[in-house]
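For reference, chains read A, B, C and D in written order, and residue numbers begin at 1 within each chain.
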Amino acid sequence: MGSMIDSLLVVVLVLNLFALGTSRIQSVIRIVALQGILLGIMPLSSHAPIDPATVGIAFLAILLKGMVIPGMLSRALRDATIKKEVEPLIGVLPSMILGALATGFAMVFATQLPLAGMQTAHLVVPASLSTVLVGFILLITRYKAITQVIGYLVLENGIFIFGLLLVESMPLVVEMGVLLDLFVGIFVICIIVNHINRAFSSLDTRQLANLKE
Amino acid sequence: MSPLKLILLASALLGASGIPALFGKRRSPVGQQLAVVLLLVGSGMGLYGVARALVSPAPVTMELAWLLPVGAFSVAVDAVSAIFLVPVFVLPALGAIYGLGYWPQRQHPGNGRKLSFAYGVLAGAMALVTVARDGILFLIAWEVMAVAAFFVATTEDREPAVRRAGWIYLVATHVGTLCLIALFALWQRTTGSFAWSPLSPAMAGQQPGGVTALFLLALVGFGFKAGIMPLHVWLPGAHANAPSHVSAVMSGVMLKMGIYGIVRVAGWLPVGPAWWGGLLLGVGALTAVLGILFANAQRDIKRLLAYSSIENIGIMILGIGLAVLGRTVGRADLVWLGLAGCLLHVWNHALFKGLLFFAAGAVVHETGTRDIEQMGGLARRMPRTAAVFLLGVVAISALPPLNGFVSEWLLYMGFFRSLSPVDGSIWHLTGFGAVALALTGALAAVCFCKVHGAVFLGAARSEAASDGHDPDFRLAGPMAVLAGGCVLVGFLPICVMPILDGAVQSWTGAPVAGVVAWREIAPLGWIPWLAAFLVIAVAGIVGFLIPAVCGATPRRTGTWDCGYARPTARMQYTGSSFGQSVTEIFAWVLWPRAHRPRIQALFPRVRGFEQSVPDVMLDRLATPVFQFAERILMRLRFLQQGRIQVYVVYFLAAVLTLLLLGAWLQS
Amino acid sequence: MALAIILFPLLMAIAALLVRSNRWRPWLLPVTGVVHATLTGVVLGLPELSVSSVWLELDPPGRLVLAIVSALFLLCSFYTVGYLRYRAERPNKMFCACLCSFLGVLSLVTWAHHLGLMWVAIEATALATAPLIYFNQTTRSIEATWKYLLIGSIGIALALLGSFFLAYSMVIAGLEPSLTFEHLLQVAPQLSKPWLHAGFVLLLVGYGTKMGLAPMHTWKPDAYGEAPGVVGALMAGGVTSCAFLAILRVYHICLVAGEGAYISRLLIFLGLFSMVVAGAFMVGQRDFKRMLAYSSVEHMGILALGLGIGGVAIYGTLLHLVNNAMAKGVLFLSAGNIHRAYGSKTTEVVSGAMRRLPFSGALFLAGFLAVTGSPPFGPFISEFSILNAIFVTGHFWVGALFLFFLLVVFVGMSVTVLAVVQGPVPAAARETPYRDGWLTAVPPLAMMVVVLLFGVYIPGPLQTLLADAVHFLEVHP
Amino acid sequence: MINTIIHLVLLLTMPPLLLGVINKTKAFVAGRQGPPVLQVYFDIAKLLRKGMVISTTTTWVFVAAPVITLVTVIVAGLLVPMGPFHAPITFAGDMILFAYLLGLGRFFTTTAALDTGSAFEGMGAAREATFACLSEPAIFFALLVLACISRSLSLDGMLHGPLTAVLPGVAAPLVLIAIGLFVVLLAETCRIPVDDPNTHLELTMIHEVMVLDHSGPLLGVILYGASIKLFVLGSILLHVILPVQAGQPVWDWALFVAEMLGLSVAIGIVESVMARLQMRHVPYLLIAAVLFCGFGFILLATVGK
């Protein structure tokens, strides 16, 4: 089944690059939602006997990563009367190149780390690391609060991918990880973003730079 | 009650003396009077304990049950501690009496209570410092002393000048404390315990480098408090801006705690290489000469006295250097003379510097200024103050027949004796010590002739100085006591010699090689006769001979001013110009800041010439360095510049750095 | 018992949400504090109560931190009542509720005996504290909250990844997968080293973010600066201690795994780096609350350094944990009072606090002396024993740097603090309503007394707590 | 005993004669007849009989100072041996007392000058005190050299050191300190080229200007004290430059008196052939003296080891 996961992971990596490459926030949100759904499928495809814990994880992941949070993001986007472009710190192409480089780095780094014997899918570690890095790139190179949240979600997705390695052994931990995403996600998005929007009548984090030395 | 218990109780009384005042009314004098009473009782008790400790043969030790977090509450008093305890129990008490008249609560409702509280704490902490025998206890007492001194020195914290001086003091003393913290941490590493007691050569043998580190750390750490020359930056400002009785206590007693530390470490470390003594001698000579040079260039009377304290510290360091050197080459007589001279000078300086600060305070109190160029002619309005001040300046210039001469004479004897070499390597070195001492003495004479003349002699140079009168007993009493002390030690030094001898014997914990009889190396029997002869002869000639030979009573008239008809007070030679000629010769170390207007045109406007001598270390080195450092650090502010994106970059950087660092350190 | 200690505050939080009166609601906090403190006392008195389940167990380090948190909260709760009186115009429902739940989750951190559960608890503290920082609801406080949440979440995410790495290092070694600490400690030697190293780095960065180690400290000055003083006190004393506890546990695992050298170097490096960064930003710092934040960064650095030195330094480090919590409490509470009285927190406006507020001003000054490690206060003892350990273990250069950074910090801090407490009082500050009252002056005073006490005498119970913790952390084969 | 009495008699009576001899020498060189050799005695006697005029600004210090100066120089004179004979008072460390007694006298002279509040006297006092700062190190270097040579700790023993030199190679150091001490002598006793005792422009004076306001007996005392100072310093110098003895006490005394008169003739000649230095150049002269004595000491310290 490892080949199945690997192929899914390839899609995920491609989605990362798309996320970096798209300039409309709405479409970025869609991409992340799709990524979330894919992630949700993986645990089911990872190994033969399907136990309730795994199903739970998959269900939660698809629900949150694929629907709830993207939905809320779009709502926030609708409420916020802002330009719908991403406004990156650096252009679209450079950030894609950065993403590619990050992926390459992840591949190299992953080879340094030993893998478990029964490991069938070989892309998991590099994919998760590169997704994490792409999340960082989004966080660093985007100005809008919403896009930063998206970046954070991508980061979480990367971690979730790594969680696949542990699904069999300790599903509970993975569940908790997902669960916490829910908290933070909802909290950050609903409350703070709206407050920022109200207070600054914008979601541009460049206005959130008054506290400094 | 054992002497040690007495001393501890006394220190507790001193420390607590100011507490009642805290709860007093803003303007009620009761609290302050109560503080004075407590201080007097405590000091009396303490002095009694010290006397008992001095007569008791063995050093008294005590370990309290109460355990500190690390280390133990162990205290002891030996002759060395006793020597340093005496000023602690004398000067603060006198200063408190003086304070009744000088800083009455009624006139200073704002800060009087704070002052008398911190003043008491300062006194108590100093008493504890001298008896502490555990590293931690010592550090605690030390820092309490330092912080209390900060509070008394910044009594008038409304003035920016006072705040600045206070800050400089706080930073300087903290640097010193950090050095001491390092010292005791290393001490524990070397000895395996925090016991603050002689370091056995066996233990020290393991790390010879460690012992040198201990010595240098002690020199720097204690040197900051004592104010040895490159580290003195805090001293003039703090002394000048504090109330006068506080200045007296700080200069007369607190600086000596630094000397105490150096004496202790020098005695308790194993015998060191010769360069230790050489270093001490060099530092001492530098401190003494530069100190008095700067003093001579001041026009603020209290700054002047502060710089002269630096000079006297230098003289004490010279003594310690001689003793350390003597110990290295196994010359008991050098050890004796150097250490005895140093310790006696500790007492003497407490006596005459306290006296001078008290008198200066009385003058400042009357004239309302610290600038000696505003004074003049006060001797006729404040005759008694002028007389004791003159006595003080003669004593501090080390002129016979007063006490300053005795201690310096001991040091001279040491330097001259070191010329008859057992081991030829040390003798020319020490000879220069004698010359430095001579130069210092001559310069001190200039400096104090200047200050006494400018303040008390001639005619009043300003309105402020044209009235005023001798202070009442609260100010005069303490001065009289100290003056009496100067005369007593000066006329009958024999009395104090046995005490000094005991201190020298107990210096290293083990007797120095070849015990010496002080009567042979320091014959002082002639001093009383000489002093008596001088006094009687002068009194006789002035009192009888001159009136006898010239029948007519002298005519009084104006000063002969070389034919100029109407001399005014402004034409007098000012103190600054008196010191100027020395300042010019030594301009290459003093770097005076002069503002000389160029006089041009046929009828030039009125122009002023100004010259000031800023502290080289503080104003030309420390301050610029600090400002530079601050500018550099301000440049770094952009790291925290508000952009959350940048902060996220820091995360990546941190993770990568740590991974790479880990990998690198692994390989 | 554990459930009681953890759940009671949460219940009180719900109660706080239900109570109507803005005036009386704050009194729930002292109640919570007192009950929690009593329960804590019972637990500490009767250790057998402390084992309650596989996931929840109170080991000696946990006990220590629980004691710190409980005591700190108790004192702060009374202060909060006094503080909220001056902020009557603000609805404090959310504030009180979050404070209570904050206590609950902190207690959970100390009890959590499972890597994942501990992670959850620490994540929860972030959620509980965000509204507290946001209390003033100004644009500045929004910004602070936003930065706190985002940076904190990233840190937490990395910590999660680190935990996964750690877990995976078990999987690779083919061990029975369970993340409870004693299991980890048992199997530690077999763990796969590369994953362990990577995991440790990630956990260090992640929990270091909560703790406020440079360079992950960037949220701290903003959050501490904009939050009310009492929140600053609770975070600088409580959250940081819990984050340190987390790092301590990971450190313990690595120690047992025989990787002590690896991590101690990283810890020493991070510690010194935090100290120098803190010192650099304290120099010329005009905002005294931000200055306190940097001072907190410095002390986190000292803790990391002490942990890195290890061995004999552990005692001093744990003691410093206690002292730092108390001293920071004094500083933040008195700084809050000064802020109230002057309506500003920069030295351009504030001066003469000793005259305007004799109590708070004096406490602020004393707290400054204490926190900079001057004898005879507690931090001196802990820092001194750390330094002593540094010398004993022969890291002379580390010791020299340590002392030098302490000096830089002292110089920087002294300028600001003296400017605040000394000098004349501006006329504007005389009219402000704030006066030192029992509720606002006594809690910091009590903390000051504790700090002073720990400098000259360490009570038996604390001594045993420390000794147990040190013993617990000693490597057992 | 008898020597002590002679010592005292010489110390108290002979000094004014030296001034007379100096003046006579200068007159002779200048081709004048000059005042009688005993003129200074007459002056002192006359001054003692006169009345006093005292400035209203002064205090008791003004009156006491000259007397203190006189007493100190006399006591100092008792510590200095004359010729091969022993000083009346001698003990270990008296050389320091000697130096500081002169210092005490100087201190009170300058203080008295400041007491009058006159600009000129203040100026003179400043100069006197400043130059003393430079001559003091020179004196101590010389004392150190003598102490090394003689292995003695009393002035008496030190000054007899050159007679019974124990160390090899002491000649060069002795010459150096002899030069240095001669300069110090000129400076301390305010002779040309440092100061001109009978100049008439107050601005250029040192010693004379300090005592402008003293009159009658006080002035006499000052004059007398100054001459004794010259005598005492001179006898020290003689030990360094002419360490010879005749053997017979009588001849020794005669020799000493002769040497002393010869010294004053030498001073007189120096005064006649040299012009006085600019005031701001005087310090250089004294620093040169310090360097001479210092080199002497270093030479001895390094070579004599």
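One rule holds for everything that comes next: a contact is a pair of C-beta atoms (placed from the backbone, for glycine too) under 8 Å apart; a residue touches a chain by one contact, two chains touch by 3 or more.
All figures in this text were calculated on a predicted structure; none of them were measured in a lab.
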| item | value |
| --- | --- |
| Top chain pair, ranked by number of contacting C-beta pairs | B-D |
| Centroid comparison with subunit C (C-alpha atoms), farthest chain | D |
| Intercentroid distance (Cα basis), subunit D paired with subunit A, Å | 99 |
| Where subunit B and subunit C are represented by their mean Cα positions, the distance between them in whole Å | 43 |
| Gap in Å, rounded to a whole number, between the CA centres of subunit B and subunit A | 69 |
| Between subunit A and subunit C, centroid-to-centroid distance (C-alpha), Å | 31 |
| Multi-chain contact sites of subunit B, meaning residues that touch two or more partners | 637, 640, 644, 648, 651 |
| Subunit C, residues touching no fewer than two other chains | 146-147, 150, 154, 198, 221, 281 |
| Multi-partner residues of subunit A (at least 2 other chains) | 139, 148, 205, 208-211, 213 |
| Pairs of chains in contact (touch as defined earlier), listed by label | A-B, A-C, B-C, B-D |
| Touching residues on subunit A, where the partner in the complex is subunit C | 112-117, 132, 139, 145, 148, 152, 155-156, 158-159, 162-163, 165-166, 169-170, 172-173, 176-177, 179-180, 183-184, 187-188, 192, 195-196, 199-200, 205, 208-211, 213 |
| Subunit B partner contacts - residues on subunit D that touch it in the complex | 48-59, 61, 63-64, 67-68, 70-72, 75, 89, 91-93, 95-97, 99-101, 103-104, 106-107, 110-111, 114-123, 125-127, 129-130, 132-134, 136-137, 139-141, 143-144, 147-148, 151, 153, 202, 212-213, 216-218, 221, 283, 294, 297-298, 301-302, 305 |
| Subunit B partner contacts - residues on subunit C that touch it in the complex | 146-147, 150-151, 154-155, 158, 197-198, 201-202, 204-205, 208-209, 215-216, 218-219, 221, 261-262, 265-266, 269-270, 280-281, 283-284, 319, 354-355, 369, 372, 374-376, 380-381, 384-385, 387-388, 390-392, 399, 403, 406-407, 410-411, 414-415, 418, 422-424, 454-458 |
| Complex contacts: residues of subunit C adjacent to subunit A | 115-117, 119-120, 123-124, 126-127, 130, 134, 139-140, 142-147, 149-150, 153-154, 156-157, 160-161, 163-165, 167-168, 170-172, 174, 177-179, 192, 194-195, 198, 221-222, 225-226, 281, 290 |
| Residue ranges of subunit B touching subunit A (in the complex, touch as defined) | 637, 640-645, 648-649, 651-652 |
